[in-house]
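Dropping a structure here in structure tokens format, bear with me for questions.
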């Protein structure tokens, strides 16, 4: 009877959640290193959410699918280049690097194209009709769904067989934690791409256009900024970075090429964008790294099964108490 | 009632749906009942209309397909209160459905530490009560947010409900609860009325629940509560300034939607006899949302039709079943672009007394306004 | 004595015609009534619209008081220690050049913004931290500069939402259709219908608000605000976009509202309208009050003239 | 290669120890010397028993028209490879039977549960409502079997599971449940013994997924290992990122890791486990024993030991060839068990039995050898003869190592 309830709850209280601070401390550096490597992927994807939000005030729910299409693009490039699943390729280093860059290019192009198509097909007609924002979100959800399902029907619900170009190997140790060659590559490459994107937005004329539209669309239009072109540009930049993220993702987790592989990652990247301050490119960068690290601390503290809960709780808490994130909203004010 | 009542002197073509509505509104109360009652009887007799164009066999058991369709209809009616009436985009609605199912599991499965021989009706009541409370718990903090932010936060809560089911050992995660108790009752030959295999009693039960819910929700819609919801959907700030306690009514919309979702969850769990954490993901939430949007958010008849399309089509046409998520995803895009109000737009009629007053004053029955595109409820961003 | 009495008796149909902003239009049976019947009918309407109209109103007793209200956003001071009061039964005009803080003042009264310092007192009691909806129920109603109706609702329903501010049926009462629900519904609809007739748009009661012509929408907003049974009605540029004839009619309507026992606060750019209808004026400039008095006095005030120098009377499009 | 020293030694030693012919026929190789960690030898694959009852029977089967049996289990969903390996065994059995028995043509109906318990309930109802189905091969996974067992029991429809290993399944009082292999109460302790004695591991981390199967098997293994367990972790269905779990394992530095779950998660887990140069031996159960695991773990599968209550099929010459021809791949985990389970049901139909009750009765009293083992069930539906084998991944192939229980 209900009499059991206290017992169940009490037992549950001891059982199902416990705080292992010792483990948190023990694995602090391990989690930091892993969190930064994984978080750089969040950062790259988060940029797409942030830019589009900054300019259109729209959560591009389908951005996670932009990402996963990039993953498939990279995967099929591997296949096309003659890599086979199962083993680790033994190609010479130079060849491997060239192939990786090729895959990066294909992934970025695939994602960029999907993002652009999405803008054209799903969002632009609505913008023309001056549809309410909720309609945009529903369209985005529908697009996300449709792309996922199309991939699933084309391939199948199971992940593609893994292909790995570089075998992971510990390179050196920081704070007693070994860093693998893949983690280092991914982290540095992501950082470089983010810096390029940042200086593009801050230094070039087109980038200034994006900032101007984000700050005040009407004035920007009056000042001669072509709003449509700016919108297109934000989708393309977001798409390109998501494509890069996709390659880095399958370098770390080669089993991740699967139709719904973008969903959770997309939500987390969005969380990262909100965490740093949505609409703010540097916020996305910061948010991605922070979320990657927090998530790992959380799972050390509470146990592996709580990892995703940690991410969602971070999302909710931030939206409720500081909806403008750490660095504040608005792309326009992103210049520090 | 003839055409000159709504478009005098113009030759504009009257849309078919409009004509149907005007015809319907022109009927007397008595005539309306004379049509409603046979329709309801027909709905109850559906399990016996198991022949060619309607049947889903041999692919799917027809009675169970009917039950599943009815279940989705019930969910869509509940979600329509939240999305269609109050304009709150809830992407975590499946969470309430899950809570209802889990309450049933916890109370009636022998795998549960809380198991006892509760009367089944009590399970329904507790299920609804618990989901309503969770509606308050989830709604109170989140409903200060608007538009997109609300959608994402509800999605987060929906996922957290699922992950909690995964992580709390008492909720048995992927392993789940087996052999849930079913409603009592035996046929004259001593066999149980409610079994997993026979969809008919479940279908009847659900249809009865749908009718009850329709009446109750209809009561709300035709009252100050329903007006407050629409006002909030249309312009939340203006509603507040006109004296509508918007926050309270938003929470109420959430809670009432939750209650209906919970009821549907209890029925679902009862029929299936098994509950685990697998069917409560975002994909399911979006499918529910598709039912509401497809039919016409804010229009009960539309929403029911939308739910039937979503649930029945894949059972009827096995070819479709594989492609259904793709089709519904594309349908959402196309619909939003070309017909954002859904297959049937929300209709707005005067209140019953308003009609009389209007007729008294103007000397003719009111024309019916139609076509409601989804309204923006997300002008502001943060809390 | 509705404003409708002067307009053409022809039937108005439900054709959207934004061009005809002519208010009024007595319809149907009312149009066919004899003069006697009509007078009786109008008396009935007036009764419902302003149930308290026969109560002797003490003009001059303070209804609302702004006491040293200061409002600043960041570094920008929008209202700087503004004090004035509104007396029961008067039409007070709030004027000032663009950006003088008129609408901000409105917003401070209706709870949209909270004063950084100072108090807003209604009948001697400070509004404090009341929510917007609570303030409405205390007795302040308003219209909006840029019309904000519930577009998908019918005109009648828009007004009934206003009457709901005085209703007490809860969710349970509505769910179970308790007697109070029925009583309040009946009262609400009757009152709303009477209000629509009062502002002259009853013939379009069944139309969606968004389908009404512009002039009707403005009138509908007034009806909706009146429906909340306010002690103070705040009108934010109600004549914006009106032609002179329409403005004339609006002035008549505002006077009628006052005569029915309401207190009115009016913002408008149009000096002619404001001067013509108000009993008293408060002038703001750069968030400060620079004058307060009867229209004739204010018109002569040098600081007001200075503030308005070069600003034509009807600069509003 | 990404492998650490110890594993490489194991792998090299094992490679050296076995004469590897991709698909060894006949299976009477010389037992060779074992490697560094153990001194056992790779056992020979058993031959098909000469008296094994086969689907074709004696070709005199007589039954009513339209009788059918069903395969219910994953076909295209999660961990589909495991289901398809069984399904092909079932298909082969039915095909051979129908060819040989003109008087009894049995239809095979296939139902896809996608391997998930919640899906299974509905699918099973469909099958139960189909009156032509007299017996069921399935369900393959423990979780779905658990969810659906009561329904079969109520419907009196006999089921023979070719692969569900959760011991609790036979303790529910379902008189329609029969298990065509050993359960985890045999596999778990056998695996523990193998880890402790054969591999000589003194510290073990036990990781399980969130399925009934993983949880149950991990419990058995932990109990049998006792104090040797130095850490336990749980992962989730569909999880792909395991850095925290790996971190905990790394901190414990165990000699061996036992992963109780399915290959979908086991592959990325193995890959991430060894990516950072961790030195340990990974042992996984039947749910991981599939080529998909080997391929998806990209190199990390090398040297991994796989326990399985399944008998190597390379010794069953005719079956092996026929299966390879039908399926286009060699028999895999539980292909032969699926074939055997189908045989039992087909024998019942050949007797002309036409009700579920009669078929159930027939299976209950069944007592005859099959390809993999002797089939005779106790009152719980458990077999008495339950071999457990261990396999190892060598050069990207899953190769039998020895019988352990």
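Remarks
Going in written order, the chains are labelled A, B, C and D, and every chain counts its residues from 1.
Note that in this section contacts are C-beta pairs under 8 Å (C-beta built on N, C-alpha and C of every residue); 3 or more make two chains touch, one makes a residue touch a chain.
In UniProt terms, the chains line up like this: A, B = Branched-chain amino acid transport system permease protein; C = Branched-chain amino acid transport system ATP-binding protein; D = Branched-chain amino acid transport system substrate-binding protein.
Just so it is clear, the model here is predicted, and its values are computed rather than measured.
More inter-chain C-beta contacts link the pair A-D than the other of B-D and A-D. A separation of 43 Å divides the Cα centre of subunit B from that of subunit D. Remark: subunit C and subunit D have CA centroids separated by 79 Å (rounded to whole angstrom). With centres taken as mean Cα positions, subunit D sits 38 Å from subunit A. As a whole-number value, the distance joining the C-alpha centres of subunit A and subunit C reads 51 Å.
In subunit D, the residues that reach two or more other chains under the touch definition are 210, 236.
Looking at subunit B, residues 166, 375 sit in touch with two or more other chains. Those residues of subunit C in touch with two or more other chains do not exist in this structure. Chain pairs that touch, as defined above: A-B, A-D, B-C, B-D. Residues of subunit A touching subunit D in their complex: 23, 26-27, 30-31, 34, 38, 85-88, 156-159, 161-164, 167-170, 178, 180, 182, 253-256, 261, 296, 299-300, 303-305, 307. In the complex of the two chains, the subunit B residues touching subunit D come out as 60-61, 64, 166, 173-176, 178-179, 195-197, 272-276, 278-279. For subunit C in complex with subunit B, the touching residues are 13-15, 27-30, 110-112, 131-133, 136-137, 141-142, 144, 148-154, 156-157, 160-162, 164-167, 169, 171, 173-177, 181, 184-186, 188-190, 192-193, 197, 202-203, 205-208, 211, 224-225, 228. Interface residues of subunit D facing subunit A in the complex, by the touch rule stated above, are 1-2, 76-78, 80, 114, 210, 233-236, 240-245, 247-248, 250-251, 264, 267-268, 271-272, 275-277, 292, 294-299, 396. Residues of subunit D that touch subunit B in their complex: 116-122, 125-126, 128-129, 143, 146-151, 154-155, 209-212, 215, 236-237.
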